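Should a chain be cited, it is by its letter among A, B and C, assigned in written order, with residues numbered from 1 in that chain.
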Amino acid sequence: MYVAGVDVGSTATKAIILDENQRIVGRGLTHTGANVIKAAERAFAQARADAKSDDYEIGFIVGTGYGRYKVPFGNTQITEIGCHGKGAHYLFPETRTILDIGGQDTKAIKISAQGEVSDFCMNDKCAAGTGRFLEASASVIGLTLDEIGDVSMRSSHPLRITNMCTVFVESEILSHLARGKKVEDVLRGVNNAIAGRSVALMRRVGLDDEITFTGGVSRNKGMVTAIEERLERRVNVSPDSQFIGAIGAALFAWERTQKKVGAS
Amino acid sequence: MRTQPVMKFEERIAWCKEQLEDPTFPTLREFKGRNGTRAPIVGNFPVWAPQEIAHAAGALPVTIAGGGSSVEIDHADSRVQSFVCSISRSTLELGLRGYLDPIDAMVFTSICDVARNLGGVFKRNFPKIQTFYLHCPQNVSSPAAVDYFATELRRFRRAMEDFIGDGITDAAIARSVGVFNEHRTALADLYALRREHPEKISATESYLLLRASQLMPREEHTAILRSTFAELEARPTRRRDKIRVLIEGSFCEQPPWELIEAIEDAGCYIVDDDFLLGPRWYDTPVKLGEDPIRSMAEAYVKYSVTSSIRHYGDRPRADHFAHKLKENRVDGVIFCAAKFCEPALYDYVLLKDVADQAGIPHLSFEFEEKMGVFETLRTQVETFVESILLFAD
Amino acid sequence: MILKAEDLGYSSDVCGYVKNDIGLVANDMTGPFGKMAKPDLLVCTYSGCNTYIKWFEALAAHFNCPLYMFDVPFSRGPETHAADIRYMMSELKELIVLCEKITGKKYDEDKLKDILRRSREAEDLWVDILHSAKRTPSPFDAFFEAVFFMAPIYVLRGSQECVDYYRAAKAEIDARVVSGTCPIPEEKFRVVMEGPPPWPHFRTFWELFKTWGVVCVGSSYSKVGGIWDFGFRHDPERPLESLAEYSLECYTNYNLARRVEMLNRYMKEYNADALVIHSVKSCRAFSMGQADMREVFIHDLQVPTLFIESDLADPRYFSKAQLKNRIDAFFESLEHQRIVAGKTA
């Protein structure tokens, strides 16, 4: 019997299908857009097609992410904090600290050796240090989120970005560019600023163990480098990092099916 | 021969700038390393502290006015929420990074809710630094306020005595009050010079000198100021077509010196300001009576300069501000409050009305000690200056 | 009201609570509950909130009326300083003279003693209600209900109505105990709440906790106008002295170390599972240092602690989705830990 996890985030919706041996057999990814229900359905359908699982029964489906209550076909929902912890533990069993930078939220999660959440911290009310901050910065320059990582890696003299307010950072970037500063140096500065905030969050839950970086922003290589430099150590980034929440949700789904089997 | 003193002055300013931009406090480390110096260093958070008592205990009293733009915030972001002012965050960062190691004690006073709680955070996080908290009286119209504050200052004196393991005599305190009176007089002369001859010394230079005073023995700084005046006399200068402005709101968190320079470059003579008010807390020398502690308490209650950090009872702050505008013959006011600084932001509303009533144009913006780009601000100030110059007469 | 105050020049970053009041004053003294009278005298007893000083200075300028700044020294350690009491008693005497002048009436100490006697009576009843949360399940929510129950003892203290109110409230709590009625029908988690409530979204906020079967067994906000549950009472035999002592014994006048100590005492005495810190932007007196408090509870005292953020007055600073996410994740993991612990036990 297969199980699925659907992670409806503020920017992207992700779906994962696992087989009975907890192996990933299908992935789905789509923009969330305005219609959350449609996005969940789209991602799930993609994952089913990817897993060629149309004939299989999907035994249990767990929804997670901001739109977790809007997954109409889900059996239950679990917060993405729990799911990211679970997912990261699955990919990197030694990890104890997880940094997840998503569209609206940045989270530092501490997990036990079993992958259970023992503490977590999130960015405060404002969007400073989240994917949205990065997006605002990128759009001032006229780049997309996917492009800025590579561009920033070319920087040799990163600038210091002092405004952490998404509204004010735009004018700060514009005035740097007006003074003839290089785009890559500005972007590297933005990455460094976010890395600073993120590391501060991780310090709150503790930084002693192997660290895994998850969420959409972890695909930005410049961001990974900025965090590694700030921490002075390597961090785990999985090619599936964007899917970690969905993987965690699917693992919770798998546990449920096991319990049912056990009970009957 | 004529240019040499000018060079010396500029070198000194460059040195002050260096001190300000090095968050590791090289002068304090050097002070600690001096042969035979066992004197402790007693720091205080802005705005005011009874530095005279620390001085009488043989300590070097210093004001730690934040980390400025030179310290990268790494640890403190996790302890201070984003809606709290930068100076509280950077001061904590200085501690968490170990930059405050040369400091033996820190004094916090009741200037605002944030500073007060920062004292509590210091107490818990830095057991090696003795943390004192003083409640300065707010009900200054009460006849009991002087008695109360004298008792509070005596409590501080006892704590300092325990700290150095020796008594502090009244005579020593009286001597220290004298040293600080001389320093305050020298600073008042510096400000008088700016008011009368703003072309002789820029506000940026004066600010850098003022900041440096808080990181060295006051006696040395008084001497520096005195020799500076002689040098400035000889400085070749030319009065430019600038407006006379007053800056209000920067009494605790300090703006980057580049911000002050940007305002001046945009066409302003800053003839008065409230940067780092603590060392200039009294306009006139503290009058010494038989009991120097009581004299200090009386001076605080009755003769402090006005700022947003305390209540002034029967002599409201608005009246003082109106007087200040007149005395300095200003063409404009720039309200320059630190972001999230509640005392300054509340007073802005009252004081802008005072400026309105006096028919004096004003401009307002918020700064952060870490800000690094001043273009927008400069444009605003230039526009402000133009509007005054064009509409004048 | 907040927007009205911001129109006058108040920053979007200053306390929303103050702006509510300034906006109301600017709105011809009219609020949702009717019109307020113009004061003849302003008395500011700010007990630990410096923002009040600025607030009352603004009001005094607006009304052009005398302002008496009743200075309450902030706690500088666990002990009470005799000089603080002397200072405040002198202030109270000055205030008596001022009131006599304004009203033309003579101060009557016997009347004050009666008021304090009734205060004391209400205080005893209020403490009984607070202590009822020691029961499991708790018949009383010591935050969500307490912040309403506390109102009469703050604004009507010393009146017979106040005593009657607490007598009725106490009877209701006793009846709840007998009938087994609880604010949270299926109590799953007992928490201590630090910080003020988000008033504009009070119900929504409570629902987020109710979903998880959370009852608050202790809270700090219900002590901002007086801490009586550790023994302090007004004393009719020492009227002015006990008024001075009272002013010192407000939660907002406690330093961080004393706040931690009090919360930890609640954690233990009320058998709580976790601490929730609700950090509000408006009130830095509360919020500055709360992140450090979190460190103490999580790392030194090993208490599961949830840190969330919104505002007590400004509805713009409240994000339900963000709060829900954090609250759900926290109790989800507490529940999970409980299940795991149950298995291994």
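The rule is short, and it goes like this: contacts are C-beta pairs under 8 Å (C-beta built on N, C-alpha and C of every residue); 3 or more make two chains touch, one makes a residue touch a chain.
These numbers come from a predicted model, not from an experiment.
Enquirer: Relative to chain B, which chain's C-alpha centre is the most remote?
Expert: So the farthest one, by centre of C-alpha atoms, is A.
Enquirer: Given the two chain pairs A-C and B-C, which is bridged by the higher number of C-beta pairs in contact?
Expert: B-C
Enquirer: Between chain A and chain B, what distance separates the C-alpha centroids? Give it in angstrom.
Expert: Here chain A and chain B have centroids separated by 45 Å.
Enquirer: Please tell me the distance, in whole Å, between the geometric centres of chain A and chain C computed from their C-alpha atoms.
Expert: Chain centroid spacing, chain A to chain C, equals 39 Å.
Enquirer: Just the number, please: Cα centre separation of chain B and chain C in whole Å.
Expert: The computed centroid separation for chain B versus chain C comes out at 35 Å.
Enquirer: Residue numbers in chain A touching 2 or more other chains?
Expert: Residues 121, 124-125, 204 of chain A touch two or more partner chains.
Enquirer: Tell me, which residues of chain B touch at least two other chains?
Expert: Those would be 78, 81, 83.
Enquirer: Among the residues of chain C, pick out those that touch two or more other chains and give their numbers.
Expert: In chain C, residues 281, 291, 295, 309 touch at least two other chains, as defined above.
Enquirer: Looking at the complex, which residues from chain B come into contact with chain C?
Expert: Residues of chain B touching chain C: 78-81, 83-84, 88, 110-114, 116-121, 123-125, 133-135, 137-139, 141-145, 147-148, 151-152, 155, 308, 310-311, 313, 316-318, 339-340, 342-343, 345-350, 352, 366.
Enquirer: Quick one: which bits of chain B touch chain A in the complex? Just the residue numbers, please.
Expert: Residue list for chain B touching chain A: 69, 72-78, 81-83, 368, 370-373, 375-376.
Enquirer: Which part of chain A faces chain B closely enough to touch in the complex?
Expert: 121, 124-126, 128, 160, 162-164, 171-172, 175-176, 178-179, 196-197, 199-201, 203-204, 230
Enquirer: Mind pulling up the chain A residues that touch chain C in the complex?
Expert: For this pair, the touching residues of chain A are 66, 78-82, 104-105, 114, 116-122, 124-125, 204.
Enquirer: Would you mind writing out the residues of chain C in touch with chain A in their complex?
Expert: 281, 291, 294-295, 298, 304, 307, 309-310, 317, 319, 321-322, 325-326, 328-330, 332-333, 336-337, 340
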